[in-house]
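Shared chain: chain A. Partners: chain B in the first complex, chain C in the second.
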Partner chain A sequence: MLRVTDKLVSLLAPLFTITVLFLTWYAAVTLFKPPSHLIPSPDDVLLRLWSGIVGGDMLPHIGATITASLIGYCIGVAIALSLAILLTEFPVLENSFYPLVLCFQSIPKVSIAPLVFVWVGFGMQSQVALVALICFFPLFTSAFAGLKSVDPNLSNMFRVSNAGRLHTMLHLRIPSAAPQLFVGLEISASFALVGCVVMEFINATQGTGFLIVNSSNTLDTTTSIAAMFALGILGLISSALVRAAGQKIVFWHRPATNIVNLAPRSAL
Partner chain B sequence: MRRILAPLAALTVLLAVWHYSVFFFSVDPTVLPSPADVGSALYTGLVRGTLHVHVLATLKAAAMGFVVGCCAGVGLGVLLGEFRVGARFIFPVVVALQAMPVVAIAPLLIVWLGIGTESKVFLAAIVCFFPTFVNTFSGMHASKSELLDLYKAAGASRWLTLRDVKLPSAAHFIFTGLQIAVVLSLTGCVVGEFIAATSGLGYVIKSLAGQLDVSMMFAAIFTLSALGMACGLLVRTLHRAIVFW
Partner chain C sequence: MNRMAQPNLWPVLHTVDTASAYKAGLSIRDVSLTYGTSRGPLRALDNLSLDVKPGEFVAVLGPSGCGKSTLLKLVSGLLSATEGEIHLKGRPVKSPRSDVGIVFQQATLLPWKTVLNNVLVPVRAMGLPVKNYRDKALDLLKLVGLEAFANHYPSELSGGMQQRVAVARGLIHDPALLLMDEPFAALDAMTREHMMIELQRIWASTHKSVLFITHSIQEAVFLADRVLIMGGRPGRVVDELVVPLERPRTVETMARKDFNDLLGHLRHVFGEKSTC
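Here is the complex of A and B:
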């Protein structure tokens, strides 16, 4: 009984906070009546979001953002995983490439966006390239650390029973790295949207980032905020999906409840 | 010794590969400039000083944003760590916000605060707030329960417990958050400068893209990375000096 009420409270409390925030916003707007190109009222924003999604004029933008970040995410994840596996399997590669990767990691990745634009050009390829680049690093670092931290007893047992390299990788290393992998995957998922939006700020003619910039420029703040809400919802959904997948797949690992993962959110 | 030599060797090899591949395949310098071009761009930018204004603008905005954002993050983290009820109301909302691309607010900040420094400071502060807050909050729960019990049994006041037990054990977490935040503050600034600015490294990088001056873009990006590393190092040194236990 106590646990049920506890759960209910932890569900309702944040909802309450959000409601209070919205009500304050609404009250402030009705009281002070700021011009709507500065601060629109929350009901206008929600209506705009509704009409944008149901009426469909925001859907192509949202779709473009989802497609670009999804493709970029998959590419970044594939490269990061294969590189992490290669580097942990072959110490020679590790010694020569790992410092380089660390070197590149210290570059603030979003600052490369204009360079990516020069190299890849207009259109969705740019977004995909930047997203892949940004997603690569958090996943690579966590996969690398995970693959390295195998229980030495187990690893000895595999060696004693003469297990092959592939067998050890599939049945020992990857499973023991899985919890860390999913931490990396979740961080990458939230980075993917950031990368996509920043690139859309710079070059796009479509996409949620473009919609935000474009409607800010025309002082259509209502649309701009509505598009930001859409992005926020996308971010929530994507990280929830990755976390749910993690809990399904890595069912043996229970992450510490209530404490947010403190994995290094490496610089964007 | 090996730990210093190996990355240096890797870097040399990288530079050599870069130089010779540009040389052999005669790559268009508007696509990939040679390391020498980038070096001379760095020279004009940093020694002759064409980049100085922009470095200063970015550093100033990032530093101010960092201070504001981190004070807010640490303050709220400590406050919510003390008042558990408040934490249940606010913490999940902040965590949810962390999953969202917060930089998306940049164009709006420009509308609200103008294209000057204020909008960049604010964006950097927002970006810095999240890691410091989450880390501080988690650090507040990391103190040893025996120690807490001891203080409780001795009838120590709330303030004394906070000062002597909770904050010292949270310090390590707080500095981890600060280290993430310091690099993010630069990133936040740069994104703000991409959108609208009259100076700053982000502004330079973006406007050079229009002129296809790729070697200067590389120079600006390298400068930014060096700034990020230097600031990270500074925070790490402070971390070691202050949290010596």
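Here is the complex of A and C:
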């Protein structure tokens, strides 16, 4: 009984905060009447979001952002995982590449966006490239750390059984690293949208980032904020999906705290 | 050798001669191991010799830091000796061998595999056909009293149960020798006593040679046919005790005077000889 009420409270509490926030915003707008190109009223923003989705004029933009982020995410994840596995297996590669990766990690990845535009050009491939680059680092660092930190007793057990390297990688290292892998996957998922939007600011003729730039230029602040909300919802959904997949796949791991907060951050 | 001869189940070990240890058991001759450290070479083991005859239960007793685990790593082939030779069944041990089973201090089970699949880990790692071993794994789980838990995950088991799974895993590929590295050290005192009795039963029904590393005098005396006492820095065997208690040893054995006299004797030996 107590647990049901606890759950209800944990669901309702954030809803309550959000409602209060919106009401305050609404009250402030009604009271001070700022021009709508500065601060639009929240009901206008929600209506704009609704009409943009139901009426469909925002959908191609949101769709473009989802497509580019998803493709870039998959590419970044594939490269990060392969490289992490190679570096843990071959110490020579670790010694030659790991310091390099650490150096690049400290550069804010969005700073390369204009160059990506120069190199890759107009169109979705630019978004994909920047997203892949941004997604690479958080996953690589957590995957590498996870693959390296296998319980020495367990790896001795595998060594005593004369297990091959591939067998040890598949049946010991990767499952051992799985909790950390999902931490990286979740951070990368939230970074993916950032990369995509930044690139869309610069080069795109479509996409949520383009929509924001375009509507800001015409002082259509309502649409800008509605697009931001759309991005926020996308971000929530994507990290919830990754987290749910993680809890399903890594069923044996029960994080003591919200593990994402403890994860190593890498600069965007 | 005033051990009382027990019929059938309990092997009568003093009838096995020492020469057979070389042929069929474990033989360690003058083994030394020197580690290179930042403060120069460190001699971890010095001219250590010991034998484990087929079917014999030998305990290596010593405080932490006197090279017990190093010895175990040498026998399992994880480390190579600087000097001396180790033979198992007449063949030199130079790298990990499939006729050795190991039980570590921690159960080291894979949390993502069921109990049954954990027992089968060495089979899969060695590339042996799993279907030929499934029944054997179930038999071993029965032996350690966990047949009802075959499809459970390790996190659903208590520490003692996890360690029994580890024992079953150590026996799955039918090794000639079972190495145990302080297997009960992480368990609470009551579980530990229960596990000692369980291990004695398992050992008696499998007839494996066991090299049992421990820092518990009580465990060593209760379980072993022979106790080798190690002294440290560098690690070496300083004394040996043949345990004359008849088997099966029970909880009552632990309360008996001759059992406690042996404990007292070993404590005295440690007071005098061990320098760890």
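Everything below uses one rule, namely that the second predicted complex is superposed on the first by the 264 of 268 C-alpha atoms of A that agree within 3 Å, B and C clash if a C-alpha of one lies under 4 Å from a C-alpha of the other, contacts with A are read in each partner's own complex, and residues count from 1 in each chain.
Here is the rule we use: a residue touches a chain if its C-beta (ideal position, glycine included) is under 8 Å from a C-beta of that chain, and two chains touch if they have at least 3 such contacts.
It should be emphasised that the depicted structure is a prediction, and the values quoted were computed from it without experimental measurement.
In the superposition on chain A, A:Met124 contacts neither chain B nor chain C.
Of the two partner chains, chain B is the only one that A:Val198 touches; chain C does not reach it. When the shared chain is aligned, no partner comes close enough to touch A:Val183: not chain B, not chain C. In the superposition on chain A, A:His167 contacts chain C only, with no contact to chain B.
Judged by the touch definition given at the top, the superposed model places A:Met157 against chain C, while chain B stays out of reach. In the superposed model, A:Ser111 makes contact with chain B only, not with chain C.
Residue contacts after overlaying the shared chain place A:Leu236 against chain B, while chain C stays out of touching range.
Ranked by how many residues of chain A each touches, chain B and chain C are led by B. By the document's definition of touching, of the two partners only chain B reaches A:Pro14; chain C does not. Applying the stated touch rule to the two superposed structures, the chain B and chain C interfaces on chain A have no residue in common.
Per the touch definition, chain B reaches chain A in the complex via residues 6-7, 10-11, 13-14, 30-31, 88-90, 92-93, 95-101, 103-108, 110-112, 131, 134-135, 138, 141, 173, 176, 180, 183-184, 186-187, 190-191, 194-195, 201-202, 205-206, 208-209, 212, 214, 217-218, 220-221, 224-225, 228-229, 232.
Of all residues in chain A, only 151, 153-154, 156-164, 167-168, 171-172, 175, 178, 250-253 touch chain C in the complex they form. Put simply, chain A touches chain B in their complex at residues 9-10, 13-14, 16-18, 37-38, 95-97, 99-100, 102-103, 106-108, 110-115, 117-119, 190, 193-194, 197-198, 201-202, 208-209, 212-213, 216-217, 219, 221, 224-225, 227-228, 231-232, 235-236, 238-240, 259-260, 262, 264-268.
Considering their complex, residues 76-78, 96, 98, 100, 102, 104-106, 108, 110-112, 121-122, 124-127, 153, 155, 173 of chain C touch chain A.
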